[in-house]
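Okay, got some structures for you below.
Two complexes are shown next, each including chain A; its partner changes from chain B in the first to chain C in the second.
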Partner chain A sequence: MTDQAYNFAYLDEQTKRMIRRAILKGVAVPGYQVPFASREMPMPYGWGTGGVQVTAACLVPEDRLKVIDQGADDTTNAVSIRKFFQRVAGVAVTEATQEATLIQTRHRIPDTSLSAGQILVYQVPIPEPLRFLEPRESETRKMHELEDYGLMHVKLYEDIARHGQIATSYAYPVKVEDRYVMDPSPIPKFDNPKLSNSPALQLFGAGREQRIYALPPFTHVVSLDFDDHPFVPSKADHACDLCDASDSYLDEVIIDDQGGRMFVCSDTDYCGGRRAAGHVGRLGEEAI
Partner chain B sequence: MTLLALQGGFADAPIASAHAFRAALTALSQPGQILSVTGAAPPAPVSVAAGVLLLTLVDGTTPVHLAGRYDCAALRDWLTFHTGAPLVAPEAASFALGTWADLQPVGRFAQGLPDYPDRSCTLIVEMAALSNTGSRLTGPGIADHARLNLPEVAAFQANRARFPLGFDAFFTAADQIAGLPRSTHVEDF
Partner chain C sequence: MYVAVKGGERAIDNAHAWLAAERRGDAAVAELSLAQIRAQLSLAVNRVMAEGSLYDADLAALAIKQSRGDLIEAIFLIRAYRTTLPRLGASVPVETAQMAVIRRVSATFKDLPGGQVLGPTFDYTHRLLDFKLAAEGEALAAPATAAADLADVPHVTGFLNRDGLIEANPRSAAQPADLTREPMELPASRALRLQAITRGDEGFILSMAYSTQRGYGRTHAFVGELRIGMVAVEMEIPELGFAVEIGEIELTECETVNQFKGSKTEPPQFTRGYGLVFGQTERKAIAMSLVDRSLRWAELGEENSGAPAQDEEFVLMHADNIQATGFLEHIKLPHYVDFQSELELVRKLRAEVLAGTEAAE
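Take a look at the complex of A and B:
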């Protein structure tokens, strides 16, 4: 049931128009961070206020919404955002990646391949990839204008000088269509290859920082690297202990105080789907 | 203002504009796709699709330029009543409406600034019909290539050459819309 005290999808129409115009500019200039007048939402900054505003501006009543937090459908952030939109937009919800028309995500891209017509909305904490290298907005804006991304390569080089390899493992910077360097939000770098040439539309919303950016379907996205230190999408070198998947991103879980641990898929829908199909991992039990 | 200006808006604005925006989003993120929209009944000579786009995207914060015969009293009244958008000269417009001939020269519309390429104009170009024939489109949003009957090629090639500056365009005919962002490469074929 939609709560009739709210406009459809919570935001007022004037706000949605403003956000929608920003999304269209973002789509037209892939990777460029479009400023928008972010509103206060009924949840704190850092809980996905940017993603929620983008989702609210995109939702239609026929949508089937999936919300994930680090790959999981059943964590606090995911559950509360899903309930929020069930209440204020009356949309159907699902946990199945393939059935969803709009997926809001915090820090993961689903392991199940996305398809044409789907929209993936990312929650972004710090949209500016250069921010930790240059704190002044006036300077980073100029760097984007001049395509001056040398500083980012210096940062990756310093990783190599100190650690012998590029130590950046999440929020790994990418270059979009050979123009803008973009922060893909704090997804593990394992997910970076899925950004490029995705059949789904990818939208990024940063509420506190008031930026929206986008990757249209089939946009060319390259992770920054060096000829002699090519980009490697890494993951834990194990198979999932529940579903035995060796191609999914894994979380490490401490299971006792004797140093025991297990690795499980971070994508709960992917893992559950595999277990239902009969795959059993090291610590898994046969599905009944 | 006549009573006519008060009619032809969205019956259920939140739902109608949500559907219209999804169509506009699909059109601009997948150039070459032609989609149908409904819900607006703007005065002649405006197409239903252009009326829907205006009601969905335009408000008091977005100056609009009406070009050629679209700069008529009926449309001025209709747009003012339903959106409150200021009607301005081409140089100051966030949105511009007209036929391709009316909108010439397109160089006078805002192209964005090098540090703020989003401060650019969006053209709503009224067409007789839309079809997936003619110019060959490649770029973001397009898997291999797409086709769209653009009114001209050279202007859109020049627009792409200025990337990330440039204007974005929606093409409208009857109840159909298609989009062409500045990121699309256009070739005559």
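Take a look at the complex of A and C:
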């Protein structure tokens, strides 16, 4: 049911045009953070207002939308955002990664490979990869302009000197087409390799911070590292207890008060698809 | 036995139904009407209009009712509504010198043209709980009021200006930027700063102003004048070629006069801080004028002492309570994935440290 009181996909056409301009600029300069006049949305800042605005500006009536939070379609905020677009845009929705034309995500890249023509929209809390090294926007913009990323390399080096490894496990910074250092949003670093050379268009929206940036299809994206300390994507050293996948990112679930744990795919569609295809994990039979 | 968390949708629907019931409260108690909120909680209505940046008392009252009296939530409702409204254009600058004042006080002159008008203020009330209010059906003695003096009430700073004692503040015809339609760029113009502060959180602006009084970037402020009243809003109608009045709004205006010993570029004189806020919002207007003055250090060639209230980026980027509360509260949303990656990292780091300790023993 579309709510007739609002324009298609909630935002007025002027606002959509303004956002599309920012997106186009972002696509033209991959990894560059484009300022845009973010609007107040009917959900709070921090709930994905940037992603919602980007999605609203991209949606057309023929789209099939998938919304995930932490990899899952049924987490409360994913449900809420999906419902919002069903109400204000009346678009078809799906949980199947392959069937979706537009996927809005928080904190994950789906484990199923994306294909050409798909758009992946990320919700971004802090778009500035240098923010925790330098709190001032006026300074960090200058650093990007001058391609002055020494501070970041020093931080990574200090991590190695102190801990023997780079102590960043999510929102792990990347370099885009050998130019801009970019925050990939708080995805686990396990997902970082999927950013590079993706056939899908990847758009990043930060509502509160008023920034949009983009990775057009087949953009070269490299996770920052050193020759003698190469980047290692990591995940829990287990297979999924439901579908036995060993190539997916896993959530750890506490199952009793005796220290019992189980590991399950964070991507619910990926896990469900494998189980439907007959894969059974360590606890898969019991759980059905 | 593990069952994947399902049913987010049903949980949300049920939570909303529960919330609606909680909002209404005991059904045996009469329901609040918007007229009651508007009339009897008018200062809350004013705050919601000011920080919601929308001058509509009925909608503000509705937002307060819907938000169960959580004013930041009410401001959020108004902002989310406001952003969907088309912009017709800009009014001509309001003439606060022609304000129909209900309150006008100056702390710098004992008497002055236009007079001191105390108005409906808490200032000299004794803060004793009035238990008569707990009993309903109070009868009020009608206050003695004079009819609003419709003669112009000239600004105090104008008197000082005549003697050149206060910095000149020439009119500008420049159209100010609109921070709700363009992304904020720093450094911001004074007009943009004032825009951000007038819709900023009252508590935040209050604390920033207070910090300058206690020495974190001193402002030495006197309230040259504080006035509250209705002003006419006029708009140029292109077809007519002149401005017509389209309505009236209530404003609180505060102008502070600040001691200034002079700098390399400016002679010794008084300087200005300015506050202008929708409705009767005296605390906010005074605080705003102090923060405004404090942020002007660079333009006046003053020293930056590193105080928070002198730091434009710090003040402007943290003044908005809708942004602040959103980002603060979002940490209660699921972060399983990030936490999982942190768990693995901490386990790995611990394993290495423990292995190192054992090897050393």
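Simple rule for what comes next: the second predicted complex is superposed on the first by the 285 of 288 C-alpha atoms of A that agree within 3 Å, B and C clash if a C-alpha of one lies under 4 Å from a C-alpha of the other, contacts with A are read in each partner's own complex, and residues count from 1 in each chain.
Just so we're on the same page, a contact is a pair of C-beta atoms (placed from the backbone, for glycine too) under 8 Å apart; a residue touches a chain by one contact, two chains touch by 3 or more.
On a predicted model such as this, the values are computed, not experimentally measured, just so you know.
> For the three-chain model obtained by superposing on chain A, do chain B and chain C clash or fit?
Chain B/chain C on chain A - fit side by side.
> Name the contact category of A:Ala214: first (chain B only), second (chain C only), both, or neither.
first
> Of the partners chain B and chain C, which touch A:Pro35 in the superposed model: first, second, both, neither?
both
> On the superposed three-chain arrangement, identify whether chain B or chain C touches more chain A residues.
For chain A, the partner with the higher number of touched residues is C.
> Considering only C-alpha centres, what angle arises at chain A between the directions to chain B and chain C, nearest 10 degrees?
Spelled out: centre of chain A as vertex, angle of 80 degrees.
> If we overlay the two complexes on their shared chain A, which of chain B and chain C does A:Gly273 touch? Say first, second, both or neither.
A:Gly273 sits against neither chain B nor chain C.
> Tell me which partner A:Leu283 touches in the superposition: chain B (first), chain C (second), both or neither.
second
> Between chain B and chain C, whom does A:Glu177 touch in the aligned arrangement: first, second, both, or neither?
First partner only, chain B.
> In the superposed arrangement, does A:Lys142 touch chain B (first), chain C (second), both or neither?
A:Lys142: touches chain B, not chain C.
> Between chain B and chain C, report the minimum C-alpha distance in the superposition, expressed in whole angstrom.
Least C-alpha distance after superposition: 10 Å.
> Could you list which residues of chain A make contact with chain B in one structure and with chain C in the other?
Touching chain B in the first complex and chain C in the second, residues 35 of chain A appear in both lists.
> What part of chain A is in contact with chain C in the complex they form?
6, 12, 35-42, 44-47, 49, 69-72, 74-80, 83, 107-108, 125, 136-138, 163-165, 167, 169-171, 186-190, 208, 210, 234-236, 241, 249-253, 255, 262, 264, 266, 268, 283, 286-287
> Flag every residue of chain A that touches chain B in the complex, lowest number first.
Contact set of chain A toward chain B: 7-9, 13-14, 16-18, 20-30, 32, 34-35, 57-61, 141-142, 144-145, 177, 179-180, 199, 201, 214-220.
> Which of the residues in chain B end up touching chain A in this complex?
Those residues of chain B that touch chain A are 13-15, 17-19, 21-22, 24-26, 28-30, 56-59, 61-62, 114-118, 120, 122, 139-143, 163-164, 168, 181-183.
> Okay, in this complex, where on chain C does chain A touch?
1-9, 11-12, 76, 79-80, 82-84, 86, 180-187, 313, 317, 322-323, 325-331, 333-338, 340-345, 348-349, 352
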